[in-house]
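Next up: the structures, one after another.
After this come two complexes, each holding chain A, first together with chain B and then together with chain C.
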Partner chain A sequence: MSAAETAAETAAETATRRTPGLVPVGETLRSAERGPRQPAADPGTPPARMPWSFWRLLGSELGLTFRRPRNLLMLAALGVVPIVIGVALRVVAAEDGMGGIIEDVAGNSLMLTFVSFSFLVLLFMPVVVSVVAGDSIAGEAGAGTLRYLLAAPSGRTRLLAVKYVNAVVFAYAVTAAVALPALATGLVLFPAGDVTLLSGTTISMGDGLLRIVIAVGYVGAGMAALAAVALAMSTFTEVSIGAIAATIVLIIVCQVLRAIPELGSITPYLLPTRFTNFDAVLRSPIDTAAMGEGLLAFGAYILLFGSIAWARFSGKDITS
Partner chain B sequence: MRRGTYVRWGVPVAAAAVIGAAIGAGPVIAAVSGDPVLPERSAQQLLADAASVTSKAGGVPPMSGTVQQTASLGLPALPQTGDTSPLSLLSGSHEVKVWYGAHDKVRMAIPTQLNETNLILDGDQGWYWDSSTNTATRLTVKKGAGQEHRTPMPQASDLTPQQLSERLLADAEQYTDVRVVNTAEVAGRPAYQLVLSPKAEGSLVQEVRIALDGETYVPLQVQVYAKGSAEPAFQVGFTQVTFTPPAPENFAFAPPAGAKVEERTLGDMPHGEHVAEERAEQAEHVKDRVKVVGDGWASVAVLPFDQKELVAKAAQAPKGGERFGPDADPKALLDSVLKSATPVSGPWGSGKLIKTKLVTALLTDDGRMLVGPVTPEEITKAAGIK
Partner chain C sequence: MTAVTQEAGAPFGAAPPPGADPGESAIVTHGLTKRFRGGQVAVDALDLAVPRGSVFGFLGPNGSGKTTTIRMLLGLVAPTAGDYSVLDLPLAQALPRVGAVVEGPAFYPYLSGEANLRRFDAADPTARGGTAARRIAEALERVGLSAAAGKRYRNYSLGMRQRLAIAAALLGPRELLILDEPTNGLDPQGTREVRSLVKEIAADGTTVFVSSHLLAEVEQMCTHAAIMRTGRLVAQGTIASLRSGLVVRVRVETPDAADAARVLGTLGLPDVRRSGAEVTAELDGRVPEQINAALVGEGVAVRGLAVVRPSLEDVFVGLTGEGFDVGG
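Our next item is the complex of A and B:
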């Protein structure tokens, strides 16, 4: 397609546009191109060109996300779960005679974090993450605010990137909202000290804390991969509950598929299969192969669904 | 649709292609670079080399890796028996991590979700650690017992490797075609594959493939192929292996604080001597009544079998007997097996046929059980021989 043709086509489109409030792709793309040119007048600081507006937009997004009562309530609800688990295990452990995880937790305080993750990582944390990530584009579109975001010279790709980084930060906030109360509860209710790994070897508490940090990084990465899926869903609809529900249904379908032994060959490719691999840090030596595979899978999901979201969003006519 | 739309959607398509390529990269790279070719060897040379290398190096060299076992035996659907049951090994795939330092320095770990089972042998003492019950069991090898089978390799003390392999092959070739494939690859390492294919027509086994590492001659993989299927019905082998000595802390184990510690001496029967004697007696008794029809790969074992008695016994047996794991119900297990059997009849009488990919069993109404790795036709033929 030649440049002249493109210009003619865009002009024709603009001319035929009649729907009030419709922002066709061409227009926002052009406004986006206009945006970053302005700071280019100062060639001395090329790295500062794009970031400034990016960070400002991200800052306002994060402010909105973390000031929103719904999101704070979800984080608080997640944070209560480890406390409940800790108290329940404390009561049960007092009665004695239970094996396995309960004894592990009763033996050392750091284990509560891993147990809380294993309870929450398969459903509750994904639900909370997909509420925020699924709401990101569809919510703006549904509320009619997407138009104004695109009217500002920010560009669609940049807006999408900001929305995704915002969702990733929230994903790590969700992970921290589980890990920190779990750590605090564990330290209060159970004896601190050396940590017994699943392999039966014992490591120092400092080493144990380091492994919690690794596990938080891993689980957060898994949630970030899920956020990419939810973001892609979000670009396909203007009803945010639709994107949220679609993501949650997808997670549940994956869990069902994983439970069917005959489909064992596809389970390695399902995202939730990788969520639980954080227990690799509890082995001796750390099962780096399992974690590496998991991180590669997360990267693949982010790449695939991120590009789907981009392809859809950058070509979408904003009608509301 | 604008043309730009296609260009844009090309990006996720390209991303999917890249991911697909990355997943399939292993096989693709292997296909492009061609099969690894080791110098050609005959079966006899290969076995002789393997025997001489292992006896010279004093057994298997230090190594560590991941062993995966996969079985798709075409069994009737079994009721859920839990992960720890030995029956669970008959279907699906299982992973074991192995660290091998020397014949008396071995660690095996079975990682499962938030659990791990470990078997650690260090010198004359060993530990069995089960994180789900928080129990460490100290295993002491009884003097005298267990000393005979230090290495699973054939001990070439009175034979030269050449003689040994000659003898082994002479025995095998009566019923088996043996050939060597020198282009196999297991766990990323070039390997020789010893292919044993049964000569018998009626055998269900297509071939058995044993892969030996091209450099160290350590067996890396065993595959059993059933007739008419491209995927192995049973496979156990390394998916990842390195021939470097594993870190010494793998073999050091001290029971963690708060764990239950139990003692068990190997070579001692857990239920005392008289049970062992009883079992031996029982085995003698059964042996008298077992008959083998046919030979080699097409042999069929015929043993007396009373279906009604077995069903009654299974119903009485307490749920969660130790033989099938804690969650298994012997009666449900038996019921599901019998339900999947197809009734057959012929000049030899009538009975129920249970077919799997590798083994066929026939329960005749006149109280016999025939089991063998043969086709249903062969087994009914064997049933005719009284």
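Our next item is the complex of A and C:
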């Protein structure tokens, strides 16, 4: 059929086309064949997955997490703590005759980072990580956006994986939010130079910085393990504050259990017990056994609670 | 797909064609059932067949199982029994070609309309990131939200929110659009806009599956309909076939009601009824102008003469013996 003929026929068809009332199905179908303005999807061949789609969704997730004022405020609040500690130590150290740990810290710029970690790693950092990880699924469910993400379709396992990777990145951001201001404050307020460790050995400043990097890696891994717990909690509720509170209560219960001497046998299995093992880098040589055990515990927690989260989320009815 | 035998007492109207060519249906369900924990049966043995290219009205009073059905079709809720297929593809492959509005809009209040669409586009693994900006702009344009693209969702009016939800459903080329109560909360102007948008989308060859508790709305925009009541399918078919179960009547307004009734009787029209200045009878395939001529010929003063076609509401009442929950 020539182009002219086709055009003539189309014109004729358009002329005879009725407008008022309901359009019969047959006619709708024909009008679709005649030439859709926006071609509907080509039936038959399923749409292909884009190779970078996981990273695109992760990028979107990170964008939400790191642009959200609440999260930025929490990171900023954490970052202020080492500065306050640093200034307080400087003031106290100026008064003579304190000695001990304060003199250790005041004597070297790098020690403030470790002191800040030991102040924050047992409660404040876990709380901040719990807020983001506990909100991850429950928050979307509560807002109703979860049903649209899943219908998009994000895929349940894929969405959960993105949410967890996002939480891990945030866990390291939390760790960095403590370490970087601590390091900067330490360098400003206290003398740089060789570092005297807890064991009395002296190491070079470069070696000291390397040990800070190792400590950051370790603490971040601990926070990532906690994020897995919070993520699992998050799949059980549509109220994010519920998941967040449950995780924080769990941390506090662990701390209480650790404080009871009669329960010493279960202490090694509690997650917070391992958080403070970053001080292994302050031994000479580094206490790799303690760190290894800690990392193993983190891995076990991630595996266990990751599985719980997946089992729950992949079979859940989304009714919000 | 498994063959399904039609049970006795199957729904009235055009029954779902069990042996139909699978390529002809956008949605097929067989015995789809959802029983929630606690024993409440939300959807009970639903056999639905939505032809490709149709605008399919999914009707029922609030709480009749429409939204639960839609949630099952989108893979959000797992059926207790039965099976279904969407676009004859595994669900994960079908969903990128399905746009959906489920139980009203839900977006991130602190993001702009445009950023919200970017977020949901990123969730679709088949969407190309490079074309996202263009597709988002087109979708916003289509629902008339281009001017408000940069405004935060928090500051959107209810009508704008509803339209943004439709825009999100139009982000890619779609073969099927599932709209759950798309005109909820819209003013008459917004309702008209949605209706014309649906017609426009259908004209492009996209199947539209639209749920509503408003009978008149479905009558105006759909080619097909299914009617639900307490989780069960009462009827489905083309709008015309649904109506065909009921008779068309003629209504005469006149001061000479008694005479008019007599004339209609002599014309052989069945079921003549008189009330005040109004006489009605079954039209029985007659031409209304002939009836008018006969009336005038007999000296009956005709003030008004109308052909009354049964509405879907009449269909519903006729099938269930009870009124449709008009108030919603």
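Methods note: the second predicted complex is superposed on the first by the 269 of 320 C-alpha atoms of A that agree within 3 Å, B and C clash if a C-alpha of one lies under 4 Å from a C-alpha of the other, contacts with A are read in each partner's own complex, and residues count from 1 in each chain.
By definition in this document, a residue touches a chain if its C-beta (ideal position, glycine included) is under 8 Å from a C-beta of that chain, and two chains touch if they have at least 3 such contacts.
Computed from a predicted structure; not experimentally measured.
Legend: residue contacts after superposition of the two complexes on their common chain; A:Gly292 is shown touching neither chain B nor chain C.
In the superposition on chain A, A:Ser60 makes contact with chain C only, while chain B stays out of contact range.
In the superposed model, A:Gly315 lies in contact with both chain B and chain C. According to the touch criterion, the shared surface of chain A, contacted by chain B in one complex and chain C in the other, consists of residues 25, 315.
By the touch rule above, chain C contacts chain A in their complex via residues 23, 36, 51-55, 71, 74-78, 87, 89, 91-93, 95-98, 100, 102-104, 106-111, 118-129, 168, 172-175, 199, 202-206, 222-224, 238-239. By the touch criterion stated above, chain B contacts chain A in their complex at residues 2-5, 8-9, 11-12, 14-16, 18-19, 22-23, 66, 91-93, 109, 111, 113-116, 118, 127, 129, 131-136, 240, 247, 249-250, 253-259. Every residue of chain A that touches chain C in the complex is listed here, in rising order: 22-25, 28-29, 31-33, 36-41, 43, 46-50, 52-54, 56-57, 59-60, 64, 68-69, 143-145, 147-155, 158-159, 315, 317-319.
Per the touch definition, chain A reaches chain B in the complex via residues 1, 9, 25, 99-101, 103-104, 106-107, 114-115, 118, 194, 196, 198-202, 261, 264, 269, 276, 279, 282-285, 287, 289-290, 296, 300, 303-304, 307-308, 310-311, 314-315.
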